[in-house]
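Letters are used for the chains, namely A, B, C, D, E and F, taken in the order the chains are written, and counting of residues starts over at 1 for each.
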Amino acid sequence: MKLIIALIQPEKLPDVKQALFNAAVHKMTVTNVVGCGQQKGFTETYRGVVTEVNLLKKVRLDIAVNDDFVKPTIKAIMNGARTGRIGDGKIFVLPLEECYRIRTGETNSAAIG
Amino acid sequence: MNELLRGVDTLWVLIAAFLVFFMQAGFGMVEAGFIRAKNACNILTKNFLDFCMASVGYFVFGYAIMFGAGSAFMGLTGWFLSGAVSGASVPLSAFWLFQAAFCGAAATIVAGGMAERMKFPAYLAYSFVISAFIYPIVGHWVWGGGWLAGLGFADFAGSTVVHVLGGFAALVGTMMLGPRIGKYCPDGRANAIAGHSIPLASLGVFILWFGWFGFNPGSTLSVGNGDLIARVAINTNLAAALGGIFAMLAVWKFFGKPDLSMAMNGALAGLVAITAPCAFVEPWAAIIIGAIAGLLVVLAVVAIDKLQIDDPVGAFPVHGVNGVWGTLAIGLFGQKALGLSFDGLFYGGGLTQLGIQLLGVGSAVLFVAVSMWIVFKLIDVFIGLRVTREEELRGLDIGEHGLEAYSGFQIFTTQ
Amino acid sequence: MNELLRGVDTLWVLIAAFLVFFMQAGFGMVEAGFIRAKNACNILTKNFLDFCMASVGYFVFGYAIMFGAGSAFMGLTGWFLSGAVSGASVPLSAFWLFQAAFCGAAATIVAGGMAERMKFPAYLAYSFVISAFIYPIVGHWVWGGGWLAGLGFADFAGSTVVHVLGGFAALVGTMMLGPRIGKYCPDGRANAIAGHSIPLASLGVFILWFGWFGFNPGSTLSVGNGDLIARVAINTNLAAALGGIFAMLAVWKFFGKPDLSMAMNGALAGLVAITAPCAFVEPWAAIIIGAIAGLLVVLAVVAIDKLQIDDPVGAFPVHGVNGVWGTLAIGLFGQKALGLSFDGLFYGGGLTQLGIQLLGVGSAVLFVAVSMWIVFKLIDVFIGLRVTREEELRGLDIGEHGLEAYSGFQIFTTQ
Amino acid sequence: MNELLRGVDTLWVLIAAFLVFFMQAGFGMVEAGFIRAKNACNILTKNFLDFCMASVGYFVFGYAIMFGAGSAFMGLTGWFLSGAVSGASVPLSAFWLFQAAFCGAAATIVAGGMAERMKFPAYLAYSFVISAFIYPIVGHWVWGGGWLAGLGFADFAGSTVVHVLGGFAALVGTMMLGPRIGKYCPDGRANAIAGHSIPLASLGVFILWFGWFGFNPGSTLSVGNGDLIARVAINTNLAAALGGIFAMLAVWKFFGKPDLSMAMNGALAGLVAITAPCAFVEPWAAIIIGAIAGLLVVLAVVAIDKLQIDDPVGAFPVHGVNGVWGTLAIGLFGQKALGLSFDGLFYGGGLTQLGIQLLGVGSAVLFVAVSMWIVFKLIDVFIGLRVTREEELRGLDIGEHGLEAYSGFQIFTTQ
Amino acid sequence: MKLIIALIQPEKLPDVKQALFNAAVHKMTVTNVVGCGQQKGFTETYRGVVTEVNLLKKVRLDIAVNDDFVKPTIKAIMNGARTGRIGDGKIFVLPLEECYRIRTGETNSAAIG
Amino acid sequence: MKLIIALIQPEKLPDVKQALFNAAVHKMTVTNVVGCGQQKGFTETYRGVVTEVNLLKKVRLDIAVNDDFVKPTIKAIMNGARTGRIGDGKIFVLPLEECYRIRTGETNSAAIG
């Protein structure tokens, strides 16, 4: 099992959700984050001061999947989130050792989906 | 003595004007509260600047068109207020300020219906045109000695002049813009796009209700012996209260829970509906008018959603539908003894007054719908009405103004 | 001339009524700001609808009970205002509106004390009963020619009629409901459950202070030569300012930091306390009355927390305790020369007036405590007073109204 | 009849005083909205308590210094109002309340400029001194029969007395405090530190605009035949509207986007600028004065940022710069026919009035700058002006008050 | 060492904290998230539109523990969070390689608790 | 590759960012969290009730790095965040198996920086 963490643009969330849905990935956890990457940030002109905001708003997805779902999930995120412009985001894959469903006590592959 | 009388009347008209001005804050808070945080600055900027634009437009052109001497269709004297005369026994400046605040209210109604997707420059253009030309023309018909005034059409404080105008302009604009992204599923089901701050909206409703005590009672334009302003005030309050209660009951019954946002819209609906008849009816009639307004607003919200017209704050159900209802209610509950040309239907006056009311509100609807359709089309061609998909998803605050409403707060902008 | 006099008085009473109405927004913002975000819609709905309910209840029953002809206990004529007469030299409609706004204020005080756990339908029932029956009965005693009026009991603008009533009703209700989950540890220590928006609460306090300038000065019901309304206004302001300062100093001294929420409660306490004596005392007395109110509110907040009475916004310390203090203060600082029956203790009038004040406020407390205990018990049996544990933890906004106050915002609802 | 006249004037002065009091809420919301969430309670506490302190300080000392009999420099009779006389044909209490509300406004302007880093006890000390001594002295010069009044210096409602005073005190304090951590990069570039709630700020601006209808028209202190109050009211409104529009256009042109926060500052700038000349000019002049104010505020914001003076809410650009502009504008657009000593430059009166205005505003600036420099220095030595770096980073709400503005909300306090 | 990530209902946080406390687990990090799972969401009726909200509010706990604490921690979370209804949540266990206490510079087992 | 998770005091974020910048670490994701640790919490006196707030505001940093960057990154965080007082925070290091840059499709070491 793997834990896939994706950092995407907030405005791409609807598209990514759709792409994941099409790939039969229905479960996920979404967190609001801010991030620094290659993207430089939009220019704010608040009260006559031009600033580059360097911690930009991103959305973080955490998706736990069985091993055979890793590839399709990553592909779906890529498809949904890519615009080809800086700021599109990153995907990280971490090993996941155990998984429990609290309601039933099921474990691992049975619990993950 | 005459000096004092004039002084007291001026005092009253000015205080009423201040209250009507303050409604601008109410509109701002209601509209901002009922939309998403990512577009809050945008609507507030629109709301703020349309009052500024209305002040200018109504100073330069509007007043002359509305109250100047001219034809039955529009006035033509008093541009820049120069040579203009007051429409009441108070100084021109005071009368103008009161009327300008009304004009600002009419303009700002539209912002809510077209919220979360309309370009800012397009809005600026629109708001100048409506306050300099469209509103004053309808105003001239009814209050400036125009053709409807001549027929005995009654609209004490502006159910038609202000609210029907604003509400139908919002409807035309909203339909032309199309719904917000994500509002309707491909299969036609509507999604709720919840407002980002119900407390702000609720404050706004209280401010509006408060300001309405200037809007309606102030339209007496004179204190007199107090009877008229007191009657108008009590009617205004009762209609609002009943509108709130009945909208809440309706939404509770139909959807299972007493939804505050709808109850608040109900109170506003009651206020809009009583605006025309407030001087001509008894308190018991105000109660009925308000209660019906509360029901109407719920039905209208549901109906336009079925038609996939996406009006985020309910501008049309509140102002358009209930502006019509209030105007017609005069023909039902109005009394000759209270200053009307004919008794209403329920006082044995037959259908005369009702017919006149219908004609008046119908003409206003027609004129507004056609003229605003042209205005919005022209704006669409020359400036563009709607922002890009990307900007809409990110929010207009960043896109149009480079500013966030709640900097530092963690907010989900898309779901 | 008489017409004009009546017109000016009506103008004043109406403007005051508008200001008192606007206090409803102040109560709403204070109460919402001082509780958690997950219950904000709920309290705002209560606040909004209790004014609507009060408008109806006071129209149908309340006014007749309060100002109708009848016994020393209650009035019995003028249901639906039909045949009712005005209690002042202004039109009935204006007088009614002013009184109805008072009635709404009394009703809404309770919402704060019982916040975050009381069922919405129970609240609706309560708010109708208090505004249609309980408040008007006490009002009749004092202002409607009832038995307390006959004794020379003085309560210029309602420290007893409005605030003691609301404050003690809140106390009874709060005790019956029990504390919020998590407010008291098993070992008896209290946890602070912080309010979710101090800015909103602070706005609310300003609105209340602003509205109080209608509440107290407006209770003159007439402009006269200006002396009385000016005295009432200055006293109101000074007591509020001193209440704020002394509550801040007290909390600073006792708890180490100048807590804004307490300073604001202090200003409200000062306002409540000066409400009864504002017409009968000199500015220096207003200063003392306000300062003591500021201290009292801090002590009372601490005391009821020790008793494990969980009053989230301080409804009882502010309105109950200081309503009593203000009523009694008349017996100390009041002056015959300013319209009282007897000079107060500090003006050599002995204990007569103080005794009457004590009797009056004592009777009111007793009546309210007993009647509201019965009302809440009945509601508890037939509707249920308190929501389920699960709903309380999730928040009443979702449970009762299917609505979130701040959609899209990231908020911790439990900790 | 005379009674009634006095009654009506009292009514007007009191209502205006209530509106000016309500501006306190406006200042609070604007200042809180324009700073970060972690310091919101702090600024609101300052704002709240400076009105309380002003009420006390102006009661005990201020009124005596401002309106008492004495020298051309300051008055010396009427401490604690005892033996004081009213400065208008209304009761002393009413006149005092109106003046006290002005005093509170002057005091609160400073809070914004020094926001997010000034110690709370230091602020309390400051606010007592300014309202008890500094403000009343300048007030005496202009309105209390002091030396500037003798010269024919005109400042109808306080561009100099209130706004120049507050604005320059803020400038001195802000410079002494130094910029907030992180505001300027080592290389001198400025970072924007965005306000945490533009909706709150926008509400505040509406409240201020609303309150200004008490501030300026109320300064007539009498209703008369209505002409003067109406002229003042229309001028106030037009200047505000034009200020908003021109500030928006300027910021749009220079920085690419129409920034609401700047447009709102523009409206305030227009209001500040019209405060002195509102009674002495025609509407067309108000339009020009307002438009220039809108431009000036944008330029001033940019300029002081270049000088690394960190004024989070624009207290100096709005109140200081435009207070000067408004005062001078009298010398340009003012008319003898409207009550001035000499015609202004554009009415052929030459430079006389302009010279007097320059002298007056110059003296006020000098006096305020020197006296406030001393006051702040003394406070710095005895109490300390600025919080520690750690406290500033965490936020003053926790450090100074042990309270969070938005408990439960997820907010980034540093970035 | 393991990193335990639990996703629970917000209203169960007090109960889970109590259960963890009883199991001598005192350290944790709590994050606000929204999630999709089997739970369908409550029905909102905002302004006359019935919607199913599909990203529901959840609370995420991150708890780093030594290996012998893994079982008791999971058990405690299960006990505190379970209601038997859909939406109860999930628990994930990830390998944790290093741990540092910033204040003292201690590492691993010494630093974790 | 590793995923470094650091929990620090919110007011130390500017210092930590500076320290990371000096260590040539430019990419990171920042999340708002609340946490329980040894720190007891500041004392609030809200409305006359003295409480110890036990879930304190913290900032969470997620930084994905190549193996040779682990040490310098940890050192930088330590330097930026340490005050020597309780509440300074923790650092966790997790194994990271894969990394993708959404914009280009690059993977692993090439994608991480």
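The rule is simple: a residue touches a chain if its C-beta (ideal position, glycine included) is under 8 Å from a C-beta of that chain, and two chains touch if they have at least 3 such contacts.
Quick caveat, the model's predicted, so the values are computed rather than measured.
Undergrad: Could you tell me which chains are in contact with chain A and with chain F alike?
TA: D, E
Undergrad: Averaging over Cα atoms per chain, report the distance between chain D and chain E in Å.
TA: Each chain reduced to its C-alpha mean, chain D and chain E end up 51 Å apart.
Undergrad: Suppose each chain is reduced to the average of its Cα coordinates; what separation in Å results between chain B and chain E?
TA: Result: the chain centres lie 49 Å from each other.
Undergrad: Could you list the positions in chain F whose residues touch two or more of the other chains?
TA: In chain F, 30-32, 34, 44-46, 55, 94-95 touch at least two other chains.
Undergrad: Which residues belonging to chain B are in contact with no fewer than two other chains?
TA: 1, 4, 8, 11, 15, 194-195, 197, 203, 255-257, 259, 261, 402-404, 409-413, 415
Undergrad: Chain pairs that touch, all of them, please.
TA: Chain pairs that touch: A-B, A-D, A-E, A-F, B-C, B-D, B-E, C-D, C-E, C-F, D-F, E-F.
Undergrad: Would you pull the chain D residues touching chain C in the complex into a rising list?
TA: Residues 1, 3-4, 6-11, 14-15, 17-18, 21-22, 24-25, 28-29, 32, 40-41, 44-45, 48-49, 51-53, 55-56, 59, 80-81, 90-94, 96-97, 100, 120, 197, 200, 203, 400-410 of chain D touch chain C in their complex.
Undergrad: Chain C touches which residues of chain F in the complex?
TA: 32, 34, 44-51, 55
Undergrad: Per the contact definition, I'd like the list of chain A residues that touch chain F in the complex.
TA: By the definition above, chain A touches chain F via 2, 5-8, 31-38, 55, 58, 60, 74, 77-78, 81-95.
Undergrad: What residues of chain A sit close enough to touch chain E in their complex?
TA: 3, 26-32, 62, 64, 94-103, 105, 111
Undergrad: Tell me, which parts of chain F touch chain D in their complex?
TA: So the residues of chain F in touch with chain D come to 10-11, 13-14, 30, 32, 42-46, 57, 59.
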